[in-house]
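As written, the chain order gives the labels A, B and C, with residue 1 at the start of each chain.
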Amino acid sequence: MPEEPTEELAEPGPPALTDEQMALLAVFEAELGDGVVEHADALGTLVVRIRPDAWRRSAEVAKTKLHCDYLSFVSGIDWQPMVAPGSDDEGGSDTSAPVQPTETTYGVAGSTGRFQVFAHVQSTTKHHGITLKTDVDDDAPSAESWTTVYPGADWHERECAEMFGIGFEGHPNLRKLYLPGEFEGYPLRKDFALLAREVKPWPGLVDVEAMPGDDAPAEEVEA
Amino acid sequence: MIDVLALDIGWGTTLAIKTIIILVLVPAGALILGYTFLLKMMSHMQSRLGPMDPGGFHGWFQLIGDGIKFIQKEDVMPDGADRRVFAMAPVVILMSTFLIFVVIPAGPRIVVKDLDVGVFYALAVSSLSVIGVLMAGWASSNKFALLGALRAAAQLIAYELPLLLAVVGVVVQAETMSLQGIVAAQQGGEIFGWGGIGNPFFFTQIIGFGLFLVAAQAELTQTPFDMPVAESELVAGYMVEYTGFRFLFFYIGEIGTAFAFAALAATLFLGGWAIPGVHGTMADILGPVVLFAKLMFVAFLFFWVRFTYPRLREDQLQALAWKVLIPLGLANILVTGILKVAM
Amino acid sequence: MSTTENPPTPEIQLEPGALRHLAEAQVNVELDTGDMILNLGPQHPATHGTLRLVVRLDGERVVSADPIIGYMHRGYEKLTEYRTYPQITTLVNRIDWLSSFANEVPFVDAAERLMAIEAPPRAQYIRTVLTELSRISTFYLFLGEMALQVGALTPAFYGFRDREYVLNLIEGATGGRFHPNFNRIGGLKDDLPWGWISETREVMQKILDGCDVFDDLVAGNEIFQVRTKSIGIVPGELGAAYGMSGSNLRASGVDWDLRRDGRPYLVYSELDFKVWTHPDGDSFARYWVRLQETRESCRMVLQLLDQMPSGPIMAKVPRIIKVPEGEVYSEVENPLGQMGYYVVSKGATGPFRVKIRSASFSNVSIMPWLLRGVYVPDVITILASLYFILGDIDR
């Protein structure tokens, strides 16, 4: 029996109540059986984690059975913790650069590994939205393509492929969208460092900046 | 014409003087029209000022400066271009503009040559520009230029017919093809027995006037018929390979032809140089001024429409000419003929 | 030799296959265009920015069209991982730079939801007013500039001229015409200046009058109508499946507006406004819907100014903003369409991952389907009517 999704902070959520989310979830479970791995509530939006081999089928279920005719986006996420160059765990009083936790945690509805593909679909008639997630293999990341169900997924999947290195089976033309053809590496992965911060490390919080033309160095709170 | 000056000058000198006047008149007219309408009127209608600095007073020197700039540019020709045809194309277009001015009268005795077939001559000569356009497109050795030239030529040819039909109505009513004769018919005529303002064919040939304006707008490839030229947004017009003074020739040709068509329209429909009741030497002096005023009015209409309306697509443009304007022109001639015989 | 007869034609010995070649030689005229490739952009007056459209033509008609984007890709999603939440508010108003205030709102909304903070009512009202002013400024420019793409030179100037009044208002309130950077997590940076509300009322009246001018001059112009009606028809369900949103989708008859139908955000639930749709789905419908929405936004601003409460403009937030762990998707109705931020937070001062869902990205992805079989001049009309901003596509 799936456990009740915990109602997080009392925020003005969408018109959906927990009952409506349960109804949506019930349809998924009826159609996909144990293709539904986990579910949760993200501040009013239902999040459902789907087994990888039921990914395209879940899109069909959302489109046909749940009236979700609108595709918001398809994207990826890399759960490996990021190490910002030159940062330490404490951070002290320098609030000018964020310090992320170093242990790996997975977000709402969990994950089996480092990479996930997630998507959001909405209904123009029923006015609800669902976030769907699926795990992809860490070594050879690949997911099923949604282009046969939502033609708009074409460009979203191309972007996800070039940014994370996730392949999409069944995509007609998985070539680069933003990056030039000869680009090496996958920019949105956490081990791809932002070059700007490598070349010039973040100077930290500067309390008083020097006036233009003034050669006096700025006073720094934390070097 | 030379009796005006009551001087005894030979035939050759007369011809030379007339040639020089025409050669000066066309660029000067293009300059005035371009400055007034294209730069100043358009700017004010678009809530901006236009050129203000060159020359001091409201930027009157702008176009002259532009002309000088064009002349001093390098003469570049594309590699595979047919050199002679490439060089001759703008000259052909400009030539057709100059030739129209041969028959336009500016006073009872101020005209280069008052041909008996004046109207026929004017229309025939204005069609020569089509050849120039095709020459420009072909000689550029550029596929896009050629396509643009073919489209432009198709448009120009299609709109010759409404132009012609509009004018035929005037000819039927005036009973003469000579432009001086048409002006005289308007000056001396009467509307329902009242001769106060003569009989400008504007009233009876109102449909013809409208047809003439629309067809002239298309002949000048101005919006809403400027797809061949605005094509340069998308592909390239037939002028794409032209720079420097050759491009200047095209430009003078375009606005000079606007000047010529405006003068033609003023002569055919608004009475030309004539004011009823003014004859003789007074008309010789006032004639050019009156003609200028009337043609500025017609040119105002041309340019006003130019920057108000969006442009028609090629097929819509052709459909307008063949399916709407030509039947209208034919109907106009029919009605004019019937009324001419009946009354 | 007789002068009335033609000279005898010489005997030509032909090979058996030569006749076929001769016949073909007559058909293969020099002017046969075959498949011509036309490259629009990346620098081109018709595309709003650096969009490259590779179009394959067969004579006058488009056989296939392939938009190539990424010339303005700035890597926003990567940048957000290295910045704190207040720093990101500065960053995101450059995504859609015409309605830049409206880009900050969903991000700040997402952060506030995760922190369980609500901005005070006055701040919410001012945010709504500024969002609607951005919508008016974006759409008013569109009204003039689509006419320019179709060929009319003058309406574009009217669009720029009256938009200056709206930009002056935004500058008066926030200090920036294009990149206000006015939102803070928990409220706004400053309150409205003295006299701003009465000036806004006057400007709204000017914009309403200007919309009437556009209605007459452009939408009522027969040539404009014949250039845009039945051009670029998008069926409603297909548009939704591609992710097309905003006025584009409403012009195809889909009655969906996140201000009314989505999760309540800002103060739209307290406003009385109409959502405009048009059944046709062609370029004229898209123009018409935006025209009506501009007028509607003016009326909404006037309502908001009447109802504006007094009070603080900033909620109590800690000095260092740490957003608790969680995920949230905050989608709003931006001028260009639906914009959303999927923020994944791990409790630090900056987000772990921000997925920016921008409207123009999906609006433009329908172009390969939409541009098949249209005439070449209509490509420009369709591009103008879809109204995308390159910063929004490329992020």
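Simple rule for what comes next: a contact is a pair of C-beta atoms (placed from the backbone, for glycine too) under 8 Å apart; a residue touches a chain by one contact, two chains touch by 3 or more.
It should be emphasised that the depicted structure is a prediction, and the values quoted were computed from it without experimental measurement.
Taken as a contact graph, with one node per protein chain and an edge wherever two chains touch, the assembly forms an open path, each chain linked only to its neighbours along a line. When you average the Cα atoms of each chain and compare centres, the chain farthest from subunit A turns out to be B.
Centre-to-centre, using mean CA coordinates, subunit A is 65 Å away from subunit B.
Per-chain Cα centroids separate subunit B from subunit C by 42 Å. Computed centre separation for the pair subunit A/subunit C is 24 angstrom, with centres defined by C-alpha atoms. In subunit B, no residue reaches two or more other chains under the touch definition.
Those residues of subunit B whose C-beta lies close enough to touch subunit C in the complex are 42, 45-48, 143, 146-147, 150, 223-224, 226-227, 230, 233-235, 307-316. The residues of subunit C lying in touch with subunit B in their complex are 31, 33, 36, 38, 40, 44-46, 60, 147, 150-154, 157-158, 161, 217-218, 221, 223-224, 226-227, 375-380.
Of all residues in subunit C, only 69-70, 73, 75, 77-79, 81-84, 87, 113-114, 116, 237-238, 240-245, 249, 254-256, 261-265, 320, 325-329, 331, 338, 340, 342, 344, 346-353, 355, 357, 361-362, 365-366, 369, 394 touch subunit A in the complex they form. Contact residues of subunit A toward subunit C in the complex are 8-15, 42-45, 47, 63, 69-73, 75, 77-78, 82, 84, 95-101, 105, 107-108, 118, 120, 122, 124-125, 127, 129, 131, 150-152, 154-156, 163, 176-180, 187-188, 194, 197, 202.
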